[in-house]
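Got some structures for you, see below.
Shared chain: chain A. Partners: chain B in the first complex, chain C in the second.
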Partner chain A sequence: MSSEAHPPAGGPTLRPPFLTRPAGKVCVVWLLLTAIGITVGLVAPRRLLPGFDATTGTDVLRTVVFFTVLATPVAGFVYAVAAISLMGRRHPGSADEPPPEDGAPLRGNRSATVVWLVVSSALVVVMLVWGVAVWSNQQSSAPGALRVRVTGQQWLWTFAYPGTSVQSRTLVLPVDRPVLFEVTSLDVTHGFWPVDLGTQVDANPNEVTVLRTTPDRLGRFEVRCSQICGLYHSLMDAPGVVVTPSAFSRWLQSEGASVATAGRVARVGADR
Partner chain B sequence: MTVDAPPRRLEDTPLGPAAGGLYRHQSALTGLAAGVVVGFLGWAAAHELVQAGSWGTDRVVAVTMVGWIVGFTLGVGAGNAPLQWVVGRRPTAEDHLYWAGVGQGRARYWKYCTDHKVVGIQYLVLTMVLFGIGGGLAMLIRTQLLTPHSTFLNPNSYNAVVSIHGTAMIIATIVMVTGPFANFVVPLMIGARDMAFPRLNALSFWLLVSAVPCLLATFVLGGVDAGWTTYAPLSIQAPVAMDAFAVAIIAFALSATIGGINLIVTVLTMRAPGMTPGRLPIFTWGSVVGSALGLCAMPAFLLVMLMVLSDRTMGTSLFDAAVGGSGWLYENLFWIMGHPEVYVILIPPVAALFEVVSTFARKPVFGYRIVVGAFVAIGLLSLAVWAHHMFTSGWAPDLAVPFMASTELISLPTGLLVLCLIGTLWDGYLWPRLPLYFAYLFVWDFVIGGVTGIYLSDVPADQFFHGDMFVTAHFHYALMGGAMIGATAAVCYWFPKITGRMLDERIGKVAFWIIAVGIQVTFAGQFWAGLQGMPRRVAWYNPVFQHANQTASVGAYLLMAGWIVFLYAMVRSAHHGRPAPANPWRAKSLEWQVPSPVPLENFAVQPVVTSDPYGYGQADDAPGGPDRTVENSAPVGRDGAERQGTPP
Partner chain C sequence: MPTSDRTDAPTPPGRGGASPAGPGRRWSGVAGLAATAAVIAALILGAGVLLHGQTYQAPSGTQVARRLGAVTVDGMTLPHVLLHLATYPDASGTVNGTPIHPGGNPSWPAYGPTDDFEVPAHALVTVDIKQYDGGGTITNPWFATVRGTVGGVMTVDGRSVRSINPNQVAHTFTLRGLPGGEQGFFLNVPLPDVATGYADSGKYRSVVFSFVSGATGLYVWNCEFPCGSMVTGFGGAMGALGYMSGFVRVV
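Let's look at the complex of A and B:
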């Protein structure tokens, strides 16, 4: 395939100013769209995403903003080329007969293709490095992590705190302490998704999956099931709250005491 | 076929009263009757033989559904030719003509017809029926989600509606281009008289028809409550509707496999002289790659549904973790089908768009070899990305990084396709007819679908977005705003060739604008809900998501209205439209060089191809120039068309 099929754009002395040529118009529209897109990308995720209560949530927000900034110029370029093409030579759409002459017999352009491929490869590498860095950072096990056993069943969540007798329908976490969730299910596959912590892992029967995060802000959050699990999937949620370490130990003691006085422990999923 | 320049139009051949044999009496109606009878026999036999209990019920439903499918396909005529082999009778030339629909008028659309153009039109109608089912269910979903705690549907009905909405749409989008257009257009494009296996072509269509009642039956059998992904073990404990669902998917997988093999063999073996791989129209390449990818994906779908049936009806525990099975096994098998499958959906419409854009920009395809290479690269890479659907499943955390890499790598060939598409638009002499409108809408939507996909390819971000409405919005932008809009461009583009009439562009443009706005409003609403953290597939939701959902619902109603207007334009134009010339767009590929409507067996004279069909903007005497693209030593265009119409 010939790649040199550029029509000569007039003699060098007769070339119109850059901004009035198609390529110049593409640049203007491209910069404009990119500026708009990046502005939206910087503002919208912060306003729309939940106010995250954990390090993993901050990772999500940063990733969304960063990837938007990376991708917007590419999207803007595509839109600019498509729009300027439409504003160029155009035949009436109502005409029955095709345009009187054909477009440029452009069967390819090696340099445009190479630049496109190099830029998109570079973007992929940047995205991948970013993703691997964030992911491996999340995966590293932190010393002194609080272990929480999470058990899903149709259609409720139970949270147990190993080392205590506490079993709760509310997920209570101390702030600024790494937490290690050990997640399982009693029946079908569920998705353990503490929404405002910005992370999740599936709850599978007869398997224990792990999830790490560190809550870094006090406040309430919601635990959702993210995997369709039958009739009342819509109702399979649980309240969560991030509290101060002292409030957390007080809560553990009072819950443990009430369990002890009640004299019975719902052994839901505790004997793994 | 050795027939050369028949004396008269083949479809006017007078046939004897015995032509076609048993087939003379068969149609969809006998298929329906036989299906009901065999299904009932299956039900009765299974009911008698199987002891009561839930397994028993599962077996009864599965046997009934299989009986329906076997009865229907045999009743419509699938078994006739094999039966003739068995009894040692060879079909006559008259039989073949009768099977191809000669002398049956419109009735041939209701029969087991071997003419690839009839099968193409049958597929087009079936695809629209499936879209109608899926779209109607989408309206129910969006109505339910207008308010946070709606009582419009009960949760079981809601889950059933969500599951079948997804499945009907997936089936419809898989066949929406390779069914109607690859069947109708590809043989014409490559200069063939029909598909390689005309009877298998009909089998592929009627098998799919037989699957639709099984899908609909799920609503009266308790409903599939597991989403279209029907993850085990949930699908193992689902109501007996799941057995009908599994049988429907098995029939669909068989249908897609048969159709795919047929198309690939056709393109491999039946190209006209001179139609070298380098001259194949891009659409043919895309259909072949899409079908080949389907051949890789569909066996996994078939297998996983057989395994579900086995667990449900035979007491195995392939997916039951308590007794040695694994839900992750299901998820892997499902997505080994499921991710190649989205490219089975996407590649053919994108390929059709290259024909559309080249024609309406009056330009050759930009980077022909790059486009073909990108199709192949996407096909290969898409076999190795499936586990990105399982980033948060807990399965094999060590594989998160490799699958993140393969997923992000696939954006390179996909991006090249976008580059070549806008490169084909660039510096063209644009003729904005309706197909080009939809091509522009594709570019707009597909870029949004693609960009939002990169967040999901990133494991840490996916840990928030998995199972969230953001995912729903992303793949609807890519598959509906992208692939389905591409298929709509294909409908507008080939409508004159298929129906012989011009599509009413005035009504079509009204539909276009409603659809274009509807897509943005609907899926912007879903992105909004998704960013806020609303889960997918819920019947009730936290009131904080209400505004986003109302936006999406209003958009969805708009979208439905737009599609109804488009359907009206299609139906009206097919009956009352202006008669179309053979080549209304002055396109250069072979399908435009035969008359509209296309005669039986397409070509009176074997065409000989001397260049690719993109010779725009070149002097007439240049290689690949307009007059030498397809017109050649054995003319088929103007000359051949006339010859076909006139008796000697």
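Let's look at the complex of A and C:
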């Protein structure tokens, strides 16, 4: 036992690096960093990121947590190897003590190559599948979605509701109803970013880009511009609010829509 | 000499030797890096401290609203103040002997006599604008409608209106609150153009409107008519401070 742990000084070793003492230290540090990283990855995003008011935000939060947990073992391994190498295997730099011979090369180690390729490929495939699933879910059209035309211009947002004559500087949305944003710009490229809904898309001149989400929590949120668009880019914002379907209908009427029109536009959400 | 003694001294073997490549030299390198980093950090910190208290200085100064007395609006007695503004086809002229935009581009349209205003909080602010510029079609007709004024109206040459022709807009005076303040505050007043051929002729359109100011804080205004140059008219005067944008300081 002791002879395996302490090979004769200067004697060649034929064992793979991960069975030597430094490899053992790497394993211990790796496990420790992985445990810490996964714990932080599970807890920190929900505490550090703002609470989201829409399904898209919840998807983003889940994705951040999932990818963090998946990436933590890889990052932990890299950091563990780096830390043990820097602390325990670093040459002091003295001219009288030449650097030791290199250890066994990793090149040609079939086991390490296979493990690295399989693990990396599996992680990438899992992330790809997860990402495509979340993305396709956000891109799928929902029946009865409320259409909102979003127009950006230096340095204001305006929101129009097709089917009504209502156009507003405040983005008002009914809760628990899918929303389809049709986003464009009248001048330069802006970035439509309803922060608390956890989604964003560019607003390009002469183009209409679409964005889907479903607000699932009542409350106020903020719309900002996420593309540097000129002098007052930092001031390009608009207030937003998620309300009940009945409050949404009343708001449409207060903005000039007829009772019938407001009821028709808002009723779809109320019936869902 | 001490230096030659040190140079000629035998180097002790093993780790910790005082050779040129040994720990002494390494530590001096670390100290140099630390000193450099400290100097850079001090410069950044100093610049931050200096810039932190800086605020925008309007080239023509700040116009403080003139007090007219008190007035009752919706059952509330509010102080009543007055602002005089003008919009010019170019910034080359002077107003009461003061250049519209000192040191600025004389060929760009500009608000005058300044772009920076100060009004009291929760007061009725009446704004009198003389509009000297030509115009055209506004990109977003929504801004051709009066929004946020008392009664939702303005007077144009003495006539009360709620909106103007979107194809005859010269500029807009669009004022809003900022995040962290009264973000919901919003005011939009479209300014009709002077008749074709009369721009810069001394003829003007008289626009008067009133609004109730919000809480204390900094508010920003700008023109929403693309009266600048370059990209869809939003460059030039529209992309530089002091011409078609500015601040209202509510105190």
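Brief remarks on what is shown
Quick note on the criterion: the second predicted complex is superposed on the first by the 217 of 272 C-alpha atoms of A that agree within 3 Å, B and C clash if a C-alpha of one lies under 4 Å from a C-alpha of the other, contacts with A are read in each partner's own complex, and residues count from 1 in each chain.
Quick note on the criterion: contacts are C-beta pairs under 8 Å (C-beta built on N, C-alpha and C of every residue); 3 or more make two chains touch, one makes a residue touch a chain.
Nothing here was measured: the structure is a model prediction, and the numbers come from that model.
In the three-chain model built by superposing on chain A, chain B clashes with chain C. When the two complexes are overlaid on their common chain A, residue A:101 makes contact with chain B while staying clear of chain C. Contacts of A:59 after superposition on the shared chain: chain B is touched, whereas chain C is not.
Of the two partner chains, both chain B and chain C are touched by A:187. In the superposed model, A:235 makes contact with both chain B and chain C. Contact with chain B, but none with chain C, is seen for A:199 once the two complexes are overlaid on the shared chain. Of the two partner chains, neither chain B nor chain C is touched by A:142. Between chain B and chain C, B touches the greater number of residues of chain A. With both structures placed on the common chain, the touch criterion links A:127 to chain B but leaves chain C unconnected. By the document's definition of touching, neither partner reaches A:118: not chain B, not chain C. By the touch criterion defined above, A:82 reaches chain B but does not reach chain C. Looking at chain A, you'll find residues 93, 95-97, 187-188, 205, 222, 230-232, 235 touch chain B in one structure and chain C in the other. Contacts from chain C toward chain A in the complex involve residues 11, 13-17, 19-23, 26, 139-140, 142, 174, 176, 178-179, 183-184, 186, 220, 222, 224, 226, 231-234, 238-241, 245.
Touching chain B in their complex are the following residues of chain A: 1, 7, 22, 44-45, 48-50, 56-57, 59-60, 63-64, 67-68, 71-72, 74-75, 78-79, 81-82, 85-86, 88-91, 93, 95-99, 101-109, 112-113, 116-117, 120-121, 124, 127-128, 130-132, 134-135, 138-139, 183, 187-189, 191, 193, 195-196, 198-202, 204-207, 209-210, 222, 224-235.
Per the touch definition, chain A reaches chain C in the complex via residues 92-97, 151, 153-156, 158, 167, 169-170, 186-188, 205, 222, 230-232, 235, 237, 239.
By the touch criterion stated above, chain B contacts chain A in their complex at residues 155-156, 158-159, 162, 225-227, 229, 231, 233-234, 237-238, 321-322, 327-328, 361-370, 392-394, 397, 400-401, 404-405, 408-409, 411-412, 415-416, 418-419, 422-423, 425-433, 436, 440, 443-444, 447-448, 451, 454-455, 457-461, 463-468, 505, 528, 531-533, 535-542, 584-586, 614, 616-618.
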